[in-house]
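Below, each structure is written out as C-alpha cells.
Shared chain: chain A. Partners: chain B in the first complex, chain C in the second.
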Partner chain A sequence: MLKTLNKYKAPYLFILPFFLLFLVFQLIPAIWTFYISLTNWKGIGTPKFCGFGNYKKLLIDNMFWDALGNTVEYWITGLLFILVLSVLIASLLNSDLLKGKAFFRTVTFLPNICAAIAMGLIFRMLFDENVGLFNELLVFLGLEKVPWLTSTKYSRIPVIMLNVWRNTPWFTMIVFSGLLNIPRDYYEAATVDGANKWKQFFYITLPSLSNILFFCSITLTVDSWKIFNESYILPGPGTSNTSLFQYMYESGFNIFNMGYASAIGVILIVILAVISMVQMTVKKRQGEL
Partner chain B sequence: MGYKNKKNLASFAVHGTLIMISFICILPILWMCLISIKPTSESISGFQSILIENPTLSNFNKLFSMIPVAANFFNSVFTTVMGTVTSLFFCSLAGFAFAKYKFPGRNFLFYFVIATMLVPPEVGAVPLFVIMKKLNLINSLWSLVIPRIATAVGIFYMHQYISDVPDELIEAAKIDGCRDFGIFRRIILPVIKPALASWASVTLIARWNDFFWPLLFLRKQVKYTLMVTISLLPVSEGLSTPWPVILSGTTLVIIPIIVLYLILQTFQKAGMMAGAVKG
Partner chain C sequence: MKRTVASLLAAVMTAGMIAGCGGNGAGTDSTTAAAGDSTQTADKEKSTAEDKTVYPAGTITIYGTGQPQYLQEYYDAWLADHKDIAPDVKIEIVQTEGHAQSREKITMTALAGADDDLPDATYLDPVNIMDLSQAGILKDETDFLKPYLDQMVEGAANDATLNGRIYGLPESVRPNVLFYNKDIFEKYGVDPAMMETFDGYVEAGRQLKEKSNGEVYLSYISPSSKTWRYWGRRGLMPQANARIWDENGSIVIGEDEGTKLALGTLDTLYSEGLLLKSEIMEPALYDAINGQKVATFYIGAFWDEFMRKNCQATTGQWGVMSSPVFEGVGKAGAPVSSYFCIVNKGDNVYAGLLEQLWKDFTFDTQSRNTWVKSMESQNAPYANPISLEMLQDNFWKEPSSFYGGMSFRETEGKCLENGAVNLVVTPQDAEADGIISAELENYVAGNQTMDQAIANMDKNLKAKIGQAEIIK
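Here is the complex of A and B:
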C-alpha cells in the first residue's frame, strides 16, 4: 500500500487539492446541512434536536410552496426557451449564407458576459411601470400599461426574460460547436437524395445534436434549481417570484432560522439527485434502443 | 421563383433574423450606457430616454460619493484575478494527472470528480458559513478564492485538452531528466496555452459576476465586491429611485468585463493559430 502510494506520489499529490476542497467546502457542508435540518438552530446558542419538525412545517408553509412553484416555472420555461432559441441561433450562425460570422458570434454572446445583478437592475428600470421602455412600447401599440414588478400575476415574467436573455448565448455556443462536428457529407448526400433544408434539419441536425442537447438540459436543470440572482434583484410583491434557493437564503440569513433553511437545502439536494437519476435512466434506455 | 431568388430570400432571412437578435442582445447594454451619462434634469421615461442633449459625468460623481467605489473595485479585481490564476494552476495540474498518469483508482476518482458537479455547493450554504467563520475567513476576500481553486468543470476541461498532448513529448522530457512537476511546468503549461486562455476568460467572467458567495461571506461595506455594492443602490436613497446613478453603477460593472472579454478573445484566436502552425 505504502509502496504504491510512493510510486504514484506525483499524480495523487496533483489531484489532492480538489478532494480536500471538496471534502471541506462541499461534502461536509452537505452532510452537516442534513443534521442542522433536524434541529431548531437559530444561528447562535446550542441547536436543539427536533426530528422532522422543520419538514412538517415546510409541508404547511404556503411561502415554501410558492417558491417551489416559481422555481419549477423558471426551470420549465428556461429549458424550453433556451434550448429552442440556442438551436435556432446556432443554426443561423452556422449558415453558409451568413456574412460577418465573427461579428455576429461576438455580439450574440455579449449577454452572457453581463452580470445577472447588473442586468437585473437594468431590467428593473426597463420594466418600471411608469418610466420603463416596455410599457412605453405597449402604449405605443395602443395597449394598457402593465404593472410588471408590482403585481403577483406578472412579476415572474421579467425574471424569466432575464434568465433566457442571459443564458441562451452560453448554450448557443455549445450547440454551435456541436453543429461544427456534424460531417458535411451527410448534408451533401441528403441534398443529392433530394431532401430539403427542413428535412435535413429534422433528420440530420437534430439527431446529431441529441447528446449535446441532453448535456445542455442537465446543466440547465441544475442551474435552474439554483436560480437566485435573477429573482433576488427583480423582487415582486411578497413571494410572487421568490425562488426556492432564495427562500432558503432568506430563511437562514434574514430570519436566522438555520434549521428551517437547511431543511430547504436538503429538499433541493434530493430534488436534484432525483432529476439527474431520471435523466441518466432515460439516457441509458435511449442508448439501448 | 428561381434558384437565385430563393437563395437571396434565404440569405435575407438569415441576416434579418440575426440582426434582430443582435439588437435584442445589445439594446439593454447600450441603453444603460446612454442613461448613465444623462443629467437629472432630462427625462428618463420611455423613448425620450434615448435622446441625450447634455452628456455629463455627474451620475458617476454621485455614485462615488455614495459608495466606496475604489475599495469595492479593488476587491472585485483581487478576487477575480486571484481566483482565475489559482483555478488555472490547480485545474490544469489535476487535469494533467488524470490525463497522463496511470495510477490505481484513476478512473473511479475521475468519475467521482465529474459526479460532484451534480451537488451544488450552494445547498450547504448554512454550514459553509459556519466553516468560514471557524476558519476566520468571513470578511476576507480569500473566502471567495480558496473553495474554488480546483473545480470539477475546470479539471474535466483541462483533462480533455491535455489528453490530446502527444505522449512522445512527455517521454522525451523524461529522458532529458525532467521530473513530474518539471514536465507540467515546462512541457504541459506552454503547450496548453490556448486552453488556458479560454478557461481564463470563462473563469474571469464567472468570478467578476459572482454574487451569492460575496453576499454571504462579506459583511462590511469596504469589503464588498462591486457586484454586492451595486445591488444595494436602489435602496440607498430612500423613496425616489435614482435610476441614472444606478445605471452608472451597472455601467461600471459591465463595461470593464466586456472590454476584457474582447481583448482575451483576440488572444485566444492568436493562441490557437500559433498552436495550429506548430502542430
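Here is the complex of A and C:
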C-alpha cells in the first residue's frame, strides 16, 4: 500500500487539493447537516437531539408535500421545454440559412446573464393582475383578465415561464457546441443518399447529440430541484408556488428551524442521488456510458 | 536551542497580549467606555465634565428596517451635538428587509464566531427578541430602563419583557387605527361615525358599494401573507380576543370563538365584495387610492407615512379614528411595538452611548421635534413618541394638511387608549404564522371557505407544531 502510494506520489499530490476542498466544503457540511437534521436547533444555542422527529414531521407536513409537488412540476416542465427549445434554437443558430449568426447567438444568450431577481420583478409586473402587460394583451384581444399571480390555478405559469426563459440560453449554447462537433460528412453523405432535412435531424443530429443531451438532462435536473429565485420572487397564494429549496430556506432562515431545514436538505440530496442513479442506469443500459 | 525558542515564543505571546488588550482603547485619553457598560442612568447628565465617558473612535453599526436613512438624520445631528463624549464616532445604519432578516444576519454572524462583525444594536420585534435574548445575544436593559418606565406610555416595554427582564429599549408603540377618506363618505352620503363598531364598518362598506355602483371598495385585501399580518395577527384577532394557543400552549384556533369572530368578519367583508384584491404597498393599490376607489384602511398607524409618500392626490381628504370595536368585547386596536436592542458582542464599548442616544431620542423634546419637522417636510416616516411628557407638548397636537387640518399625531396618541392586548407571542409564532397565512392565502385565492381555512389552520398547526412554549 505504502509502496504504491510512494510510487504514485506526484499524481496523488496533484489531486489532493480537490479532495481537501471536497472534504472541507462538501463532505463535512453534509455530515453536519445530517446531524443537525436529527436535532431541534434554532441556529443559536445548543442543538437538542430529537432523533428522526423532523423526518416524521415532514411526512405529515402539507407544505412540504406541496413544495415537493411544485418542484417536480418545475423539473418536468423545465426538462421538457428547455431541452426541446434548446435543440430547436441551437439548430436554427447552426443553420446555413441564418444570416448574422453572431448577432443572434449574442441575443439568444442575453436572458441568461440577467439577474434572476431583477427578471423576477419584471415578470411580476408583466403578470400583474391589474396593470400587467399580459392581461392588457388579453383585454385587447377581447379576453378576460387572468389572475396570474393570485390564483393557485395559474400562479405557477409565470414561474415556469421565467425558469424556461432564463435557462434555455445556457443549454442552447451547450447543444450548439455539440452541433458544431458533428462532422459535416454525415450530412453530405445523407444528402447524397436522398435523406431530407427532417430525416437528417432525427437520424444524424439527435443521435449525435445524445451524450450532450444526457449531460444537459442531468444538469437541468439538479438545477430544477434547486429552483429558488423564480418561485421566491413570484409567490402564489399559500404554498402554491413554493419550491422544495425555497421551503428549506424559509424553514431555516425565516422560521429559524435549522433542524427541520436540514432534514429537507437531506431529503433533497437523497432525491437527487436517486434520480441521477436512475438516469445513469438507463444510459448504461443503452450502452452509451 | 529549545530553551531559546521557548523564550522567544513567550516574549512574542506576551507582546501580543499587551497589544491585544490595548487595541480597542486606542485613541482615548480619558475614561473609556468599558465593555457592556450598562449604568448610563438618568442622572448621568448631571455629572461633571471630568466624569464624562469619552467613547473611542469608531463606527457604530445598527441594523434598521424600512427607511433607516431618515433615522440617520437624527443620529448624525445627535453625534454633532455630542462631540464632547463621542468626538470621532460615526453611526452607520445597515438596512435590512425586516426584523427577521436582521435576526438572520445576527444569528449567522454569531454562529460563525465573528463577534466583531455583529452590529452594535438592532431594531427588533417581540418574536425575534424572544429567541435572541434566550441565546444571550441581547443586552439586559432592565436596570437601565427601570427609572424611565413610568415616563413612557403604558406597556411600552411589555413585549420585550421575558421572565421579568427587559431586552429592548422601546422605540415605538403604534396603535391599529381606521383611516377613512372623508370626501368619499361625503360624496355618497355615508356617515363615518357608524364605523365605531365592526357591524357599522361592514354596513358602511355595503352602503358605499351600493351607492357607488360597485366603484368604491370599503378597503383592500392582499393575496399574500400581508393579509394575516395586518388583518389577522395585528388587527382583528387581538380586537376579538382571539387565541391561537391557550395558556398552556395548546392549539385552540379551531374552536376559539374569538378567531371565528375575527376571521368571520374578514370573510363577510371579502365574500360580499367590499375589499379590493390588491397587494399592499404596491403601485396598483396607490393608484386605486388616488383614484378614489378605496374608502378606508383598518391598519397600523404606520400607514400614514406610506399614504403621505404615495397618495399626494388625496391630500386633505383623510381622517383617522380609533379602530371599530366588536360589540361585547369593546376594545380598540392593539398597539404594535418595536424595540431598539443593544447587542452583546463581547466588547460592545458603545453600549452606554447607545443608551444615551435612545434616552435623548425618547425624552429630548426639542431635538425630536426638530427631526420630525424635517421628516414631515420630506414626507418621510416617523412614529409618535412614547414619552408621556413629550406627548403633552403642543407640537404633537399640531394639525396636518394631509388630514385636512386634523392632528394625526394627537389622534394616534388617543388611539392607544383602551387598546386590545396583542396575541401571546411564543417561540413557535414565526412557524405558526407561515401555516396560518398559507390557509388564509388559499382562502383569498378562492380555494376554500373561511371555515375550511380555520379548520386547516388548526389541523396543520397541531400536526407540525403540537404545542407552543409559553414564556411569561
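Everything below uses one rule, namely that the second predicted complex is superposed on the first by the 266 of 289 C-alpha atoms of A that agree within 3 Å, B and C clash if a C-alpha of one lies under 4 Å from a C-alpha of the other, contacts with A are read in each partner's own complex, and residues count from 1 in each chain.
Methods note: contacts are C-beta pairs under 8 Å (C-beta built on N, C-alpha and C of every residue); 3 or more make two chains touch, one makes a residue touch a chain.
These numbers were taken from a predicted model, which means no experiment stands behind them.
By the touch criterion stated above, A:Asn254 is placed in contact with chain C alone, chain B being left untouched.
In the superposition on chain A, A:Ser151 makes contact with chain C only, not with chain B. Shared-chain residue A:Pro47: touches no atom of chain B or chain C.
With both structures placed on the common chain, the touch criterion links A:Phe18 to chain B but leaves chain C unconnected.
Of the two partner chains, chain C is the only one touched by A:Gly238; chain B is not.
In the superposition on chain A, contact of A:Asn130 is made with both chain B and chain C. In the superposed three-chain model, the partner touching more residues of chain A is B, compared with the other of chain B and chain C. Shared contact residues of chain A, touching chain B in one structure and chain C in the other: 128, 130-131, 253. Residues of chain C that touch chain A in their complex: 100, 103-104, 107-108, 110-111, 131-132, 134-135, 137, 223-224, 277-278, 283-284, 287, 427, 430-431, 434-435, 437-439, 441-442, 444-447, 460, 463-464. Within the complex formed with chain A, the chain B residues making contact are 7, 10-11, 14-15, 17-18, 21-22, 24-26, 28-29, 31-32, 35, 44-47, 49, 90, 93-94, 96-98, 101, 103-104, 106, 109, 113, 116-131, 146-152, 155, 179-181, 184, 205, 208-209, 211-212, 216, 227, 230-231, 233-234, 243, 246-247, 249-250, 253-254, 257-258, 261-262, 265.
On the chain A side of its complex with chain C, the touching residues are 42-45, 57, 60-63, 128-131, 149-152, 235-240, 250, 253-257.
Chain A meets chain B in the complex at residues 4, 8, 10-12, 14-15, 17-19, 21-22, 24-26, 28-30, 32-33, 36, 89, 92-93, 95, 97-99, 104, 106-108, 110-119, 121-126, 128, 130-133, 135-136, 139-140, 165, 169, 222, 225-226, 228-229, 232-233, 245, 248-249, 252-253, 258, 261-262, 265-266, 268-269, 272-273, 276.
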